[in-house]
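Next come two complexes built around chain A: one with chain B, the other with chain C.
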Partner chain A sequence: MSEAEAYSYDAEMRKENRKKAVAGRSVIFKIKRCDGPGKPMRWESFKVPITDGSNVISSLNWIAANPTTVDGQQTTPVVWDSNCLEEVCGACTMVINGRVRQSCSCLIDEYAPLEGDVITLEPMTKFPVVRDLWVNRDRLFNNLTRVKAWVPIDGTYSMGPGPKATHDLQQMRYALSECMSCGCCLEACPQFVKVEDEEKWDNAFIGAHAISQARLFNEHGTGKRLKGERMDELISEGGISECGNAQNCVKVCPKGIPLTESIGAIGRSATVHSIKKFFTK
Partner chain B sequence: MSDQKRVIVVGGGLAGLAASIRIAEAGVGVDLFSMVPVKRSHSVCAQGGINACNDVARQQGYSEYQHFDETLIGGDFLNDQHPVLEMTNWAPKIIDLLDRMGVPFNRSNEGFRDLRLFGGSLFKRTHFAGATTGQQLLYALDEQTRRFASEGKIHMKEFWEFLWPIIEDGRCVGIVAQDMRTMQIQSFRADAVVMATGGCGLVFGKSTNSVICTGGAASRCFQAGAWYGNAEMIQVHPTAIPGADKCRLMSESARGEGGRVWVPAKKGDTRRPTDIPENERYYLLEERYPKYGNLVPRDIATREIFDVCVNDHMGINGTNQVYLDLTHKDPDYLTEKLGGILDIYEKFAGEDPRYTPMRIFPAVHYSMGGMWTTYTAGDYQPSAPLGAHVPGADVPVGTEPGLGLKMGAHNNAMTNITGLYAFGEVNFAYHGATRLGANALLSCIFDGLCNGVSVVNYVRDGGHTPASEVSQGVFDAATKQEQAKHDALLETTANATGDRAYNPYQIAFELGEEMNAASTVVKTGPGLEKCLSKVEELRERYAKVELGDGAMWTNQSLSFTRTVGDMLIMGEMIAKSGLLREESRGSHYRTDFPERDDEKFWKTSVAKFNTETGKSDIEFVEVKAGLIKLRPRDYGKTDDSGPKPQSAKKETAGAS
Partner chain C sequence: MSTKDGLLQRHHFLLRRLQSLTGIVPIGVFLIMHLTTNSTIAWGGANSRAHGDGWVDRAVSTFQHEVSFINDMPLLLLIEITLWVSIAFHAIFGFMYVLSSSNNMTSYKYGGNFRYVLQRWTGMLGIFFIFYHIATLRWGWSWAIPGQTEWSHEFASSTFAAAIQGSTEGYTGLGLLVSVFYFLGVSALVFHFANGLWTAGITWGLTVSRGSQKRWGYVCAGLGAGLMAMAWVSVIGFATLDYDRALDAEMGRSHAEQTLPEQQHKETVTQASNEEHNGG
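The block that comes next holds the complex of A and B.
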C-alpha cells in the first residue's frame, strides 16, 4: 500500500471507528516514558475511562490525576508539551499508534472504539527527548533563522502600507503561512535525522517546513530583498539538495500545506541561483 | 552607544512580542521570558480579525473617533477613556505596519485589504487573514522577534516560568524565574519589567483559553503588591464546543445562517437528537424571545442557555449542553457559507453538523479585568465630555499620536509599582465591562508599540539607580524565597496520604466548577458568598496539597500545583469583586441587582492583596473618563425613533 493509500485508509478507518465506539468503555494507553536525557526508555500502561469527546489530552489529564499503571504501580504524571488544544499552536505533537500528529485533535473514538483497545503514545523520534513525550524542538526554530524567515522592514515607525498584493498571491502566501512549526513533516522525512549536538544543526538537513517558509518570504514584495541570502543557505550543506523526494512531508502535514510544491519552487530557484553565482564569481 | 540597561518582558503573545520589538529597536536590550516557544502563545487562537478605521469606511462616515465611541459603549463605560482614544487613533497605522511585516491580510479583487463586518459597528472595519487572524499576526511579530534575536538584541528565554517580581524600595528591578526543563530557579535584573501574560481562563476550569492561561503570573504580581482592576469582568462567549479537555469557540455566524438553539422538552430524554420529534423540543430562545428568537444579543443568549442548563437542569442528558441545530438547512449551502467552522466542529466533536445538531455551551473567553495601570492623559482635553457620536458628523479630535495619551510618558500602562508595566489582556484599561470583537488583537499590539516607548523612556530617563547597581543581596533573597516555596512543595511528596482532597488536579477541578457556576454568566449575592466559602475551603485543603511527582527535572506537576495556589487567590478576588459590585453592567449580571447603577458603580473595582488575611481588599474608584458622557447601553432593543439596529450588530460582538 502506498503512503497516500495508507493515509486515506487511515481516514476511512477512523470514521468507521467513530460509528462503533462503545459508551462507558475503558481503553489502554501504552506510553513510552523516559525520565530525562540519557535515561532509559520504559513503557507504562494505564487504563483510562473514556467519556464523551475524550481525546489524548483529556486522557493524559486523567492519568495526571490518577497516576497508577495497569499493574497497580503508583507512578508520576506523564510529561508532555501542549498549549492551545485547538490544533493551531503545534505544541502537542507526538507519535500516536505509529503516526505523527497533534494529540489534541486525536479523538479516542477514532482510535480505540472498543473496550480494552490500545493506544500507543511515543515522543517524536527526530528530536531529543526532554522527558516522556516532551521533545526539544529548538532546532526546528533555529532552521527558520537559517533561512531568514522574515520581512526585513525598515522599522516599526509609521510609514504607510506594505506592498499591494493580488488576491491570488495572498491566497498562496496564506496557505504557506499557516505552518505552525509542529514538526510533523520532519518526523516523517527519511532525510531529516536526529542531531543532538547543537553545533551541527546548521549543516544538517534543514527540512520541508523551512524550505516552504523561505518560499513564503521570497514571494513577498519586501521579503524578496533577502532571497539571495536565503538561497545561499539553501544551496549549502544541509540545504535543498538533501531532499530525497520521498514526499512524506506533505502527507502528514496537519494543515495541508503544499510542501512538495514549495520544495519544487525552491529547487528551481536554487538552480537559477547557482547558475547566477557561477557566472558572477 | 552601548546601553547597559535591560528590560524584561514576560509573555510572548502579541503584546509581549510587540513590546520586545519596539524596545529592542530603540536600542535597549530585552530578555523575553515565555512558558512556551513564543510562536505557540495563546494569541494564535484568535480568529475573527482586528479593527481599524480604513479608507472605505471613512468615506462612509466612519472615523477613528467612531471606533473610540463604539469601544466605550461596548464596554458599558467602564473603560479608561484616554488610552482607548489613543488606541483607536493608532489602529490604522498598526494595520499598515502589520501589512509591511508581511501579514497575508485577505485581498479584494483590486488587491486592497479586504474588510468584514463585525460586532458593535455598522461599518466594515475589521481586517482579517482567513479564519486565523491571531495566528497570522502572532507569526509576523514572531518573525520580527526572531530577526532581532538573531542580531542579539532580544534574548529569548523560552520554557521559563515567571515566579515573582523583585521589588526594591517600591521599584521593580527584576524577576525570579524557573527553567521548566532543568528546574533551575534564578533571579534576573531589569530596569523595567513588562508583564504581558494574558488572561486567566483556567480559573474557570474549561474555557476557550490555552493551557498556560492560568492567571498565575498576574496573581503573583498581585500578591507582591500590584493592584488588580475590574476582576469581575469576564467575557463568556455563548457558543463554544464543550470538549473533554477545553471549550473551543463556535462562531456566532452559525446562528446568523439560521441555526436554532434547543433542548429536549422532557428532562432526561436520552434519545438521539434526530429521533426527537419537533413537538418534543424546547426552542428556548424562540419561545422566550419570540421577536428576536435565536438572534437575541449575545449576553442574553449566554444567560438563557446557562439558565436552562444550570437552573432548570434541562441540558442534554442532564449535562451543561444545548443543541445548535443547522440540520434543517441544505448541506451544500452550509458548506459554502460555514465550511471552515463546521470542519473544526467535525474534527473535534467527531460529528458532522450538517447531519447532527451541534452541542454547544457558553464558555469563559476573555478577561476584561487585569492588572491596574495608570497613564498621563494627552493633549485632547475637552471642557466637557461629549455625547454620542453620529456617523459623518464632525470629529472633535484629530488622529495624530499624543491626543489620548501623552506619548512616551513614563507611567503609561505602568502598574502601581514603579517600573512594573502590564500590556495586553493582563492590562485592565481598554475593554471595560465587555470587549468588542476584534478589539483584543488591537489592544495587545497597541500596548506593545505605544507603551513600549514609555518603557524605553523610563529606563533611560527615570533617574533611578540602574538595576545593575542594586545590591546582589536583593536578588539572592528573592531566589531564596522562591526556592523555599518550591522545595516545600517537593517535600509534600514524602508523606503523601494519597487523599483525593489534597490532589492538586482535584482542587483545580473543584475551583473551576465553582467559579464557573457562581461567577460567570448569572451572578447572585448568595451564590457569590457560597463561592467565596468554597474557595476558602479549597484554600484550606491546598495548604495540605500533595504533589504527585518529586522529580528534579521537567516537573510539570510542580509547576501546575504551584499555579493552583495562585489561581485560588485569583478566584477569591474575582468572586469578591463580583459580590461587591451590586449592579449589572456589561458582562457582569446580578439577578439581585439587574440594573446599571451609575451613581454607585460607575467605578473601577480595584483589588489589593492583604498580606495579613491572604485575601483581597476591594475598593471602588472613579473611572478615568472626561471625554465621552455616560449614556444608556441599549443596542439590541428596538428603537422606534431611529433606524433599527442590525441584528448582526450585537450578534458578532466579541466573536474573535
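The block that comes next holds the complex of A and C.
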C-alpha cells in the first residue's frame, strides 16, 4: 500500500543492504538498558555472530545466552517482549536505529550488512519501561476502551445474523482491522507524549490507532450503535483535536493502515457530531 | 479516572476548532486582502486611472487610495479589534499546542513532520512579527522604529518606506535588519496560512481520502505561492522605494483630489451664483 511511502523508501535501502551482506560476520548491538521503572538508563554493547536469516530477536536470544559486553564485562541478560514472531502481535516493538518498528521482523542483513556494523536498540519512549527493551503498553489498550473499540452484542436475546456489508465497505474496514496495537504510530507522533500518571491518561491524546479503530467500529452495522459515545469521547480533551497533522503515524505504521484518512473521516464525524449536539442537546 | 470538567477541558473541542477557524476567518481572509493592498506598491503602476506620471508615482498613489479607503471604512475600530482578538486567541492557543507536543524531526525525517515543525516555528516568528508590525505602525510605538519616524496613513508609502529603511534618507544598518525581519515575517505567515489551510481540510473532515488530501495540498500550495509572491513584491517594493519621490507623489495626489476639472469648476460656480440670484 502506498500509505507507507517512507517505509518503502527504507525498503529500497534495506534491499540494497541485503545484497551487500557479508557471511560469517559479527555485528555490534548497542542496547539502551534499564533495570526497572524509575531506574537510570545506560548503554551496553554486545558483539553478536550473525548467521543466515538472523533477526533482532534471534540476536537477543544469543545475547541472553552470552551476556558479556564488548568490554568483556559480565552482565545480566537483556530483557525484551515478544510473542508471535511474525509481525502480527506488536509485542516486540522497539526503536531500532532511531526508528520504531517490530524487532522480530527486523533482519540483520538489512540493517548491518558489514562486519562490525552497529545496530542500536532502545525501548519505545512514549511508554513506561518495565525493563530494558520491554515497555508497558497499557495506555494504548486503555485508549481503545475509551472509544469502545468493539461491537456491542451482549444482551438478553440473540441479535440474529450480522448486518450485510457492501464490498467497498468490507475493503475499507479490512485495512483498518489489520491494526495490531503495536504502538508505532504513537511512538512517532509528536502530539502523543509520554504520560506517567495513569490518572491522566484519559485526558491525554488518544492516538492515531484509537481514532482509526473508532472509525472501524463506527462503520460496522451493529458497531455504529455506539458511535455517539465514541464521538463524545473523541471531541473531548485528548480526542481528535489533539492531532497536529504531522502524519508521521501513517508513515511508520507497519500494516500500512491509512491512519490519516481515518483522522480525516473522524474529523468529519466530529464536525457533524458537535453541530448535531449543539442543536439537539 | 480523572474528570474532564475544567472550563478548558469541557470546551476543549470547541476551542480547538475555533482556533482553526480564526486562522481562516478572519485572519486568513484579512491576510489575503492585506497582501493584495500592499502589493499595489509593485503593480499599482499599471493602474492607468491613478494619479501620477511615472510607474512609481501611480503605484504610490494607488496604494494611498487603498489605504485611505480602508481608513474611511465605517466601524473600522470594530474590525480592527475583531482582528486583534482573533489573532491573540489563535496565538495563545497555538502556544498551548506547541507546549503540549514533542518534536522528533531527527528520527522521523518525513515531509509532513517537517511541515508540522515549521508550522509551529512560523507561528511563533509570525506572531512576534505581527506584534512589532501593529505596535509600531498602528499603536504608534515609534521608539521601536529604527529612525523613530512615524507612520501616517495619509502618507502611507513614504512613511512606511522610512520605517523599514531606518530613515527618510535611505538605509541604515538597523533599517536593513527591519527590512529583513519584514521579509522573514511575511514569508513565515504566508507559509503558516497555506499549510494551516491544508491541515484544516483534515481537521474539519473535508479532505478524507489520500487523493483529496493531495489535491487540496496542490490548491493550498498554489494559493501559498501566489500569496508569497505578493508578500515578497510588497516588501521589496517598499524596501526599495525612494522616500522623497513617494512623498512628492502623495502630495501631488492629495492636491489633485482637491482640484476639480476646469469645466466642472465653472459649472459649480455658475450654479452657485444662480442660486444666489434666485434667493436674492
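Rule of thumb we're sticking to: the second predicted complex is superposed on the first by the 265 of 281 C-alpha atoms of A that agree within 3 Å, B and C clash if a C-alpha of one lies under 4 Å from a C-alpha of the other, contacts with A are read in each partner's own complex, and residues count from 1 in each chain.
Please note the rule applied: a residue touches a chain if its C-beta (ideal position, glycine included) is under 8 Å from a C-beta of that chain, and two chains touch if they have at least 3 such contacts.
Predicted model only: the values in this text are computed from it and were never measured.
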| item | value |
| --- | --- |
| Fit-or-clash call for chain B and chain C when the two complexes are aligned on chain A | fit |
| First, second, both or neither for A:247, with chain B first and chain C second | second |
| Partner chain(s) touched by A:82 [first = chain B, second = chain C, both, neither] | first |
| Partner, of chain C and chain B, that touches more residues belonging to chain A | B |
| Which of chain B and chain C A:195 touches, first, second, both or neither | neither |
| Geometry of the superposed three-chain model: angle at chain A (Cα centres of chain B and chain C, steps of 10 degrees) | 160 |
| First (chain B), second (chain C), both or neither touched by A:265 | second |
| First (chain B), second (chain C), both or neither touched by A:237 | second |
| Least C-alpha distance (whole Å) that remains between chain C and chain B when both complexes are overlaid | 12 |
| Parts of chain A lying in touch with chain B, wherever the complex brings them together | 18, 35-36, 51-55, 57-58, 61, 64-65, 67, 76-77, 79, 82-91, 104-105, 107, 109-110, 130-131, 134, 136-137, 141, 144-145, 148-153, 155-156, 158-162, 164-167, 169-170, 173-174, 177-178, 180-181, 217, 220, 222-223 |
| Residues of chain C defined as touching chain A within the complex | 1-2, 4, 8-9, 12-14, 16-17, 97, 100-104, 106-108, 110, 112-113, 115-117, 119, 199, 201-210, 213 |
| Sites on chain A touched by chain C in the complex | 2-3, 6, 95, 98-99, 188, 190-191, 193, 199-200, 202-203, 235-248, 251-252, 258, 260-261, 263-272, 274 |
| Residues of chain B defined as touching chain A within the complex | 21-22, 25, 36-37, 39-42, 44-45, 93, 96-97, 99-102, 104-109, 111-113, 129-130, 132, 135-136, 139-140, 143-144, 146-147, 149-150, 181, 210-212, 242-246, 248, 344, 347-350, 449, 503, 505-506, 509, 548-551, 553-554, 556-557 |
